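So, here come the structures, one by one.
You will see two complexes here that share chain A, one where it goes with chain B and one where it goes with chain C.
This part shows the complex of A and B:
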């Protein structure tokens, strides 16, 4: 079967089947927002959502992670208990899946393979959910993505109203499709409807700039006086970095007590003055202007130099959550329009 | 190892930080196993004039005649720790620094307002009078942080105080932003370390731990004005615990 159909009446049974096979991490409603969490029951899955408050990167790269425990006496090191459970990441949006694909070469490169990230990453089959209702802050089409982008996914579901179109992308996805219960072969009209819907959603997301354009314009923008004006509003709170699906900087700290302790890895951000503070007291990014510039330049310029692609996926979280309404689209556009 | 001698001193303050530490229950007893407290007005009557390993100083420096007492503490202490926002930045006392016609003394003390011990100057951090090795912010100090920092000092590790905003700790707890609830909050530029205690319990951050390094205060005041505050009120709000950090 190339493409399958799961009717919504069978959704509960399908998710229950997945839960039998392994841990299912999916969007779950909490208060008035949605977060990714390990499903306690099939009913808890919230597949009718715009996007999660925090990006699902935390499933593979947690906010705080114990790397190991140690004891000074006898120079002993203990591995933390392994909490990684094989299973499925269900309902991830294409922008966020693309973001995880961008993180892969950071944590898995010839010089260094990050076992903590890779073990989590390999443990989950990625089941995406195509976007059918983009938000006003969405701009994936400007960063090289699309509402039905399959990058980073093993399988993509698309909501067709009373049913999901199920498209396997990788061998892992095809294997899963063969195992899933209640899957029917997709009919020609399902495929036609899916394609029509895809075009309609894409039409709601006209590109504001292209990734290429943003890259080349920012290449000459380092000394531009415009940064000073853009920065005037920024509080440096780093909420943007915290909710960003591709921000991946971390700090490592030893929590030492009486000759024993643990080494912890924690999310960090280039928006903090401590991030670049040298032991000498010198800080190459002394002010918010340099720190804001770093974040934008890393996303749209430096990352492409290092990894071949820009590191913004257009999820719009930083725009939605910024307390002073900074808009990364406007910042990049300002340089594109110069 | 010789058990280090420590003493607690207070200057212009409510002594709430001392109370906070005295109320430490079990953890205070554990702390007492590794340090010898030789002076602590809130919990003991003994005093000490011997050399000290650590002097903990609470309160701000607001009377010139306190300088001599501070210098004497500095001379006999190996380390001086200014703890609590009053000692670290001048704290809430420094609000009076922005009042040219400071007449509350008469309102509060009436006929006694002219007593010599009430003669005060601007409220300044302890570091304005003597060199300070470590300043621990907080109104009051956070007990857990206090123990962690004392432990760092005893272990010879450089103590670290967060230099990122309360926003980080709030996001970590997945709290709904106060601004999304049509409220105000100083957590966007306030120094973290409290675990976002106030926003997590439904009230805005007042920045009692001061601000992060080089905060964007113009933008903060603009943001507060946007939530409906009058400009003068927004300015006053921004400097409640941080009067020495916010210019006129």
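This part shows the complex of A and C:
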């Protein structure tokens, strides 16, 4: 079967089947927002959602994780308990899956393989959910993505109203499709409807700039006086970085108590002054101007130099959550329009 | 209150302050990237004054930009913003002679989360105001009418100083204060909960917090050059998302604002995870008010509660229980 259909009446049974096979991490309602969490029951999955408050990057790169425990006496090192459970990441939006694909080469590169990330990453089959309801802050079409982008996914589902169109992308996805219960073969009209829907959603997302344009404009922008005006409003918190699906900077701390302790890895942000503060007291990024510039440049310029692609997927979370309405689309556009 | 006349007056005042060279900068609000958001505006030329807007989406406390500012600055200030500016002056964070407070009366600002519960915010294309009524135009050409009073931020619902108490220029009329039966009703009902219930509240808070420090950054009175939570030699605070680390930070922040917090609610509105950060602050406001009859940000002459000492200060907080 190339493409399948799961009717919504069978959704619960399909999720239950997945839960039988392994852990299912999916969007779950919490207060007035949605977060990715390990499903306690099939009913808890919330697939009718725009996007999650926090990106699912935390499933593979948790905000705080113990790397190891240590004991000074006898120079002993203890591994933390392995809590990685094989299973599925269900309902991830294409923008966020693309973000995970961008993080992969950071944590898995020739010189260094991050076992903590990689073990979690390999443990989950990625089941995406095409975006049918883009938000006013979405701009994936400007960053090289699309509402049905399959990058980083093993399988993509698309909500056709009373049913999901199920498209396997990788061998892992094809294997899963063969195993899933209640899957019917997609009919020609399902495929036609899916393609029509995809075009309609894409039409709602006219590109504001192109990734290429953003990259080249920012290449010459480091010393641009415009940063001085742009940064003023920024409060210097890390909301943008912590909700961002691609921000991946971390801090490593030893928590030491009476000769024993643990080494922990924590999300960090280039928006904090502490991020670049030297032991000497010197700070090469002394104020918000340098810090904001770093974040924008890293996403739209440096990351491409290092990894071949820009590191923004246009999910718009930073725009929605910023307490002072900093809008990265406007910042990048300001340089593109020069 | 909100009216086009007041918006025009704000623009005119900003324009003349800059044109006459009385200030170098006017801090105000400009249209945001969605029709129902505004963004802080840094206005430096008379021409830019026309960008200024005034509506119930002006949710930021602009006094957050005052500490350590060297320019002569005018600030467009609601009651709470002006009170924060007063505390900043009292605490020597900005010199009074370089500050022009452009005071306004505010009938309360809209809580974005409340609005999102009432209407699909992404579908809104424009808004209109008439008295207590907020008219929203939707993408499909429809109209939604909502009552402003049902959308107000928590801090606005118990606000007791709607007009800037201290202002160099006041635009519009001072408003009569809202009839608030008990400003501390929320604190009292929280106090009345069992210790287990209160503990659950704090656990929930600890579970949701992502330590982005938006609360600290949006707070006009959290201006320490180096926050104690960022100190590394020694490092006083654990930086993980474990309960004890998260709560230690929030408790420290609340205590640090005791007798200083003007209850603008900027911390709660900035929180991406929807934490009610005001509760702890409000509790300490209540303590300070009851112990010392002190309400911060109302007078430049009066000494701040924690900055002074009287021999007849109540000692009960030290010696009892």
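Odds and ends about this structure:
We adopt the following convention: the second predicted complex is superposed on the first by the 338 of 338 C-alpha atoms of A that agree within 3 Å, B and C clash if a C-alpha of one lies under 4 Å from a C-alpha of the other, contacts with A are read in each partner's own complex, and residues count from 1 in each chain.
What we mean here is this: a residue touches a chain if its C-beta (ideal position, glycine included) is under 8 Å from a C-beta of that chain, and two chains touch if they have at least 3 such contacts.
Given the structure is predicted, the values throughout are model-derived calculations rather than measurements.
In this superposed model built on chain A, chain B and chain C take up the same space, so to speak, and clash.
Contact with neither chain B nor chain C is seen for A:280 once the two complexes are overlaid on the shared chain. By the touch criterion defined above, A:82 lies against neither chain B nor chain C after alignment on the C-alpha atoms of chain A. In the superposed pair of complexes, A:135 makes contact with chain C only, with no contact to chain B. Once the two complexes are overlaid on the shared chain, A:257 sits against chain B while remaining clear of chain C. Contact with chain C, but none with chain B, is seen for A:327 once the two complexes are overlaid on the shared chain. In the superposed three-chain model, the partner touching more residues of chain A is C, compared with the other of chain B and chain C. Contact with both chain B and chain C is seen for A:243 once the two complexes are overlaid on the shared chain.
Looking at the shared chain after the overlay, A:272 reaches both chain B and chain C. Once the two complexes are overlaid on the shared chain, A:233 sits against chain B and chain C alike. Legend: residue contacts after superposition of the two complexes on their common chain; A:20 is shown touching neither chain B nor chain C. Superposing the two complexes on chain A places one region of chain B into the space of chain C, and among 23-31, 41-49, 59-67 or 203-211 that region is 203-211. Once the two complexes are overlaid on chain A, the chain A residues touched by chain B in the first and by chain C in the second are 30-33, 53-54, 63-64, 232-233, 235-239, 242-243, 269, 272-274, 321, 323-324. On chain A, the positions that touch chain B within their shared complex are 30-33, 35, 53-54, 63-64, 231-239, 242-243, 256-257, 269, 272-274, 286-288, 321, 323-324. Against chain A, in their complex, chain B makes its touches with residues 151, 155, 157, 163-165, 167-168, 171-172, 174, 176-177, 179, 187-189, 212-216, 218-220, 222-223. Those residues of chain C that touch chain A in the complex are listed here as 32-34, 37-42, 60, 64-65, 113, 116-117, 121-122, 208, 210-214, 216-218, 230, 232, 235, 238-242, 266, 269-270, 272-274. Residues 30-33, 50, 53-54, 63-64, 135-137, 229, 232-233, 235-239, 241-243, 251, 253, 255, 264, 266, 269, 272-274, 319, 321, 323-327, 329-330 of chain A are the ones touching chain C in the complex.
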